[in-house]
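First chain A sits with chain B, and in the next complex the same chain sits with chain C.
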Partner chain A sequence: MKTKWKKKMEPYLFLAPLLIVIIVFLLIPIIKAAIMSFQYYYIAKPSADGNYFVGLENYTKVLSDEYFYNSVKVTALYILVTVLGRYLIGFGTAMLLNTKFLGRGLARALVIIPWAIPEVVACLVWILMYDQDYGVINYLLNHAGILSRNIAYLQDPGIALPAAMAVNIWKGFPFVAVMLLAGMQSVSSELYEAADIDGASGWQKMRYITIPSIKPVSSIVFLLLIIWTIKDYAIAYVLAKGGPSRATEILTIYVQQTGFRYFDFGKAAAAGMLMLLISLVFTYGYFKLLNRGEAVH
Partner chain B sequence: MKKVKKFLSVGLCFAMLLGLAACGGKEEGSNDQTDNNGSDEQITLSFSTSVYVEEPHRKAIDGLIAAYNEQNPNVKIEIFGAGYDGYWDNITTEILANNESDMIQVYPENISTYQVIRPEGTFVNLNDYMDASLKEKLVGQEMCNVDDETLAISSYAWGTTGIYYRKSMLEEAGIDPSTIKTQVDFREVSLKFAEKGNYATAIVSGTHAFTISEWNRLLARPVSNGLYFPNGESEPYTADNVNINAAENIWAAEWWQDYILKDKAAKLVTDKKDTREMFWNGEIPFCMDGPWFVGMTRERDESLRDDVGIIPQFDVEYNGQTYQPNPTNYPLVTMISKNCEYPEEANKFLEWMTTDEAQAIIADCGMIPSNVDYSTSDEYIAAHELEYAIVDFMQNNYTTLIADPNIPQLGEISQVMLDAGQKMFSEQGADVQTEMDAAQKAVEEVMNRE
Partner chain C sequence: MRESKSKKFIVILLTILVCIFALFPFAWMLSTSFKPAEEVYSTPRFIPENPTLEGYTKMITTQTSTFDFMKWAGNSAVVSLLTTLFSMVIAALGGYGLSRFRFRGKSTLTYVILTTQVLPGSLLIIPLYIIMGNLGILDSKFGLVLAYATFSVPFCTWMMKGFFDTIPISLEEAATVDGSGRLRVFATIVLPLTVPGLIATGLFSFITGWNEYLFASTFMKSYENWTLPMGIASFQGQYTTDWGTLMAGSVLITIPVVILFLTLQKHLVGGMTAGAVKQ
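Right after this comes the complex of A and B.
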């Protein structure tokens, strides 16, 4: 009896370390933040009543804050452009890497580099490249006759967001390329051979064989990119700290600023909870897709 | 084998739990303020500072600790601190988590912000420790008082700004720096460079606080006597007392915007280091900076030393009146946490920092040591002639210091002004009146918030 009980408990024991980490570092902070979002937590003006319950007041404050809507708009644009950009460049790269050429192994290894570099390091390099006076980008564009005057990429509110998007795309496309390449490699070569016999063009092979075959991988990659971009922080922050004039203030920066700069942790927690909800919608979609994939297999 | 695995997994769980417990905040019991009363018991004091990442400060702070250790071998001082940008978030998190350092170095305007995080107050009232005669000797000490409590000691260093110039560049342009007395003179001189397609200086425009603070110090505060609140940024700190869109501040913002965009006398840069580089490279003749700039210049290129001079910030002429420049003296002050187990020992160390021996070590950090007795001594003047010029400006040229209001909402209201500054003092060239009105309204909302 005792042995049977021990056997039953064994998997739980092995799971325990992971569960403890998840509970302590994920679940408890989320619950704590959820509670904070319903409390008075403006530490710039502490109340004698402590962190009392305020109902939905923090959510009302967030939803009536024009800067929240600005950050939602910036985040939506940031997600749309960078997810599409990463996907398209990643797809093109995967197609190239899936063809046979001399040095393909080296090319496959090199393409990973942007993804492997730590975000902060990559951003610091880009800050130097974006420099108005000494940056290599202005230097090259000027010498190529494309620019007539130097551009202040991270100072101009109209350019700072596209500049941050470019870094995000550069940093993220290798992941897409590697994932799609794996998908493309699993497509049976017989399909392409049959298409060749039928006289299909390169475009037709891509349209009718490659794209449908990698659809499940593409869907998962898309969802992962969206989820990761919602919680992206480092690139926009290190490059421009959310500025200039809040042009790169994505939701994560808005939440961080509201909490740690304005000390309104209640409002920051409410904004964080709204972010979590948006993220959960896509996470739900991700798991749905995963399950569907498992069912098919 | 199975047993070993089980043992390992149970052991791992315990180890993780122990680790997590160690990560947690301090126990309530650790609030006991038990001092070692000069015994030989080994004690450790932690010290947070935002400047340790900068080489001159690291050298000075390491020197201070080594010298203090020699005299007090039982006291170990551990330094903690991120760079300026991340430092403030770290302090907030640590205080909220109840595991902040024993001593925390900040600027005076930050004291209130962190003091109120705990309802009972976060820091020790130093009135119980500090001697009145010592307080009088320390620059910026009066800014450390909140609600009749002395919450920090100005025992390290300070430094206001002056305008550095390249002698050779002014000579070539036929400009005598001693004739630059007012903002009108400065503009005229600047235009001589702008007319030739060059810049006279570089101005920080972006997310850095300098976007507002340099304009505020040079123009706004001298004429308005307060950007956020009138009468020297003084109380009452209420919504109906906000001063941002006062006529004087509007005029100052328009003048600054014209200087940048119409006169094209200043180049916009994202960081102060760009201004410094341009000055050292001979691209601009003027750079507004603090005493630390002397050491930086020396380290950059010793030969530049003879080509650099300094004049005080200019007077401001407005509506037929002349206003003296307003200094900011940036004293780095240190607070002692109420969670510190040895507040007397911490205070002893901080007070030792005001002695001649310690102040001589601090002088190497590039700022001006905080003890006036030392910074006006023959020893200091002989070794730091150019830096001393700034002490002289403070005494003879500048008016009474007006600092940012020492209120917990400072972070938010300064962000409001920074947003406005980014729109007004950049290529956007937004309408000054509109932006200042919007900033006024936004700050009123912050001050009204319950």
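Right after this comes the complex of A and C.
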């Protein structure tokens, strides 16, 4: 009897620590955030009645805030451009590194360095390189004849967002390259040999062998890129503090600033919950797409 | 595969371009870290005219009421190592449980773990700030490690599950028939086979702790509890002039992570593909 009970409890012995972490550090905080989003939680002006319930007031405050819509727009653009940029450069790099040539091992090691550099440090170097007067980027572009004046990349509202995107793409493409390369290397070389015998062109081999073979890795990489970018904070914040004129204020910065700069935790929680909703809808749709793709094959 | 010579030339040329793109900022960081201040504020040159180690000595030895690089380095090391230890133990046990057992609520748990990947840190910091404040662990290294567990544990568990899935179950069955307890079988037979997985999760959680900025900058109020990313970021606002010193500090922060990455990258990639692709 005793051993049978012991056997039944076995899974929970292994899973208990994980369950505790998930419940204490994830479920409880999320529930707490959900409750806060319906409460008066303005830290700068505490009410005598405590954190009383205000219904949907926090949500209406967020939804009537033009800066919220601005941050949604900035986030969408930021995700679209950086995910595509990282994917395309990463894919190209993986294709290059999947070809045999002398020094390939060295190139593989060097290419992953941006991934390894801490975000904050990476931003500091780029701030220096983007400097209007002494930055190396202005210097090089002026000497190459591409620019005829110095640009203030991070201070110009029209350029700050693309400048932040460039840093994000630079930092993120090695991850894509390394993952796709791992996928490409698991493709049997016999497939390519057979294609060679049939006289297939390089383009055809890529279109009909490489791309279908790396589809599972590709899908996961895409998913991870999107959900990581929704959560991204440090690059846009350290580079430009969300500015100038909120040009780089992605949703995460909007939520964090509403809470910890303007001290309206209720409104921040409401905005955060909306953000979570957007990413959940997105993830759900993506999983659906993935499953459908698998059903076809 | 036969490749024509010109094609190979183009491949190598493009690879060199990609490598320059990838490496240039790092190289520029290194170069600037050896420049005296007046060289930073003149025409940019790659090789410093009068190279100096002043930036490094200044970064390491300066101790003021709001600046202490070595203290922050110590904090970062403690926080990263504890995050690693914590995540690895829980992820190894949990990943094994998810991989081997059938139990009620398994699919729900799997779904919850996947969903945690989507939770934005900027949403979590709001309730965590209040909860940690009530528990009195705001502005403490211990509290920061627990906060890092929120994203490091689920991801590491998922990676470990992928690794356990690749180990044939028959190995354990033989040992269980012998009468060894499950935990013992796990520790003596299964775990040694997943060393690459443990390295991958360890590397992932160490780097998470070492690089993280949002949680650290929100929770850690007093400067003596700061970690390196916060410390170095504060330096940029305060002393905008001293780029040589700032870059010297940046090099010091980056070197440990780059070394870890270069030596262990195979395991990390293996871990991510094993955990992420096989569902």
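One rule holds for everything that comes next: the second predicted complex is superposed on the first by the 281 of 297 C-alpha atoms of A that agree within 3 Å, B and C clash if a C-alpha of one lies under 4 Å from a C-alpha of the other, contacts with A are read in each partner's own complex, and residues count from 1 in each chain.
One rule holds in what follows: a residue touches a chain if its C-beta (ideal position, glycine included) is under 8 Å from a C-beta of that chain, and two chains touch if they have at least 3 such contacts.
Please read all numbers here as calculations on a predicted model, not as lab measurements.
Asker: Aligned on chain A, chain B and chain C: do they clash or fit?
Answerer: clash
Asker: Could you tell me if A:P46 is touching chain B, chain C, both of them or neither one (first, second, both, neither)?
Answerer: In the superposed model, A:P46 contacts chain B only, not chain C.
Asker: On the A-aligned overlay, A:L154 touches which partner chain: chain B = first, chain C = second, or both, or neither?
Answerer: The answer is first: A:L154 touches chain B but not chain C.
Asker: By the touch definition at the top of the document, which applies to A:G272: first (chain B), second (chain C), both, or neither?
Answerer: In the superposed model, A:G272 contacts chain C only, not chain B.
Asker: Have a look at where A:F260 lands relative to chain B and chain C in the superposition and call it first, second, both or neither.
Answerer: It touches chain B and chain C both.
Asker: Is it chain B or chain C that touches the larger share of residues in chain A?
Answerer: C
Asker: Name the contact category of A:L128: first (chain B only), second (chain C only), both, or neither.
Answerer: Touch partner of A:L128: chain C, not chain B.
Asker: Touch test for A:A163: chain B only (first), chain C only (second), both, or neither?
Answerer: neither
Asker: For A:L97, is the partner it touches chain B (first), chain C (second), both, or none of the two (neither)?
Answerer: Only chain C is touched by A:L97; chain B is not.
Asker: Going by the contact rule set out at the top, does A:P17 touch chain B (first), chain C (second), both, or neither?
Answerer: A:P17 sits against chain B and chain C alike.
Asker: Output check: A:V54 vs chain B and chain C. Expected answer is one of first, second, both, neither. What do you get?
Answerer: A:V54 sits against neither chain B nor chain C.
Asker: Out of 62-70, 170-178 or 242-250, where does chain C run into chain B after the fit?
Answerer: 62-70
Asker: Enumerate the residues of chain A that count as touching chain B in its complex and touching chain C in the other.
Answerer: 10, 13-14, 17, 21, 133, 256, 260
Asker: Can you check the complex and tell me which residues of chain B touch chain A?
Answerer: 6, 9-10, 12-13, 16-17, 20, 85, 88-89, 92-93, 96, 113, 116-117, 119, 205-207, 268-270, 274, 408-409, 411-412, 415, 418-419, 422-423, 426-428, 446, 449-450
Asker: So in the complex, which bits of chain A are touching chain C?
Answerer: Chain A residues touching chain C: 10-15, 17-19, 21-22, 25-30, 32-33, 36, 89, 92-93, 96-97, 99-101, 103-104, 107, 109-122, 124-129, 133-136, 139, 170, 173-174, 178-179, 182-183, 189, 192-193, 196, 202, 216-217, 220, 224, 227, 230-231, 233-234, 237-238, 251-253, 255-256, 259-260, 265, 268-269, 272-273, 275-276, 279-280, 283.
Asker: Give every residue of chain A touching chain B within the complex, in rising order.
Answerer: Within the complex, chain A contacts chain B at residues 10, 13-14, 16-17, 20-21, 24, 42-46, 48, 50, 132-133, 152, 154-157, 240-246, 256-257, 260-263.
Asker: List the residues on chain C that touch chain A in their complex, please.
Answerer: So the residues of chain C touching chain A come out as 1-3, 7-8, 11-12, 14-15, 18-19, 21-23, 25-26, 28-29, 32, 40-44, 89-91, 93-94, 96-98, 101-103, 109, 112-113, 115-131, 146-147, 149-150, 153-154, 157, 182-183, 186, 207, 210-211, 213-214, 218, 228-230, 232-233, 236, 243, 246-247, 250, 253-254, 257-258, 260-262, 265, 269-270, 272-273, 276-277.
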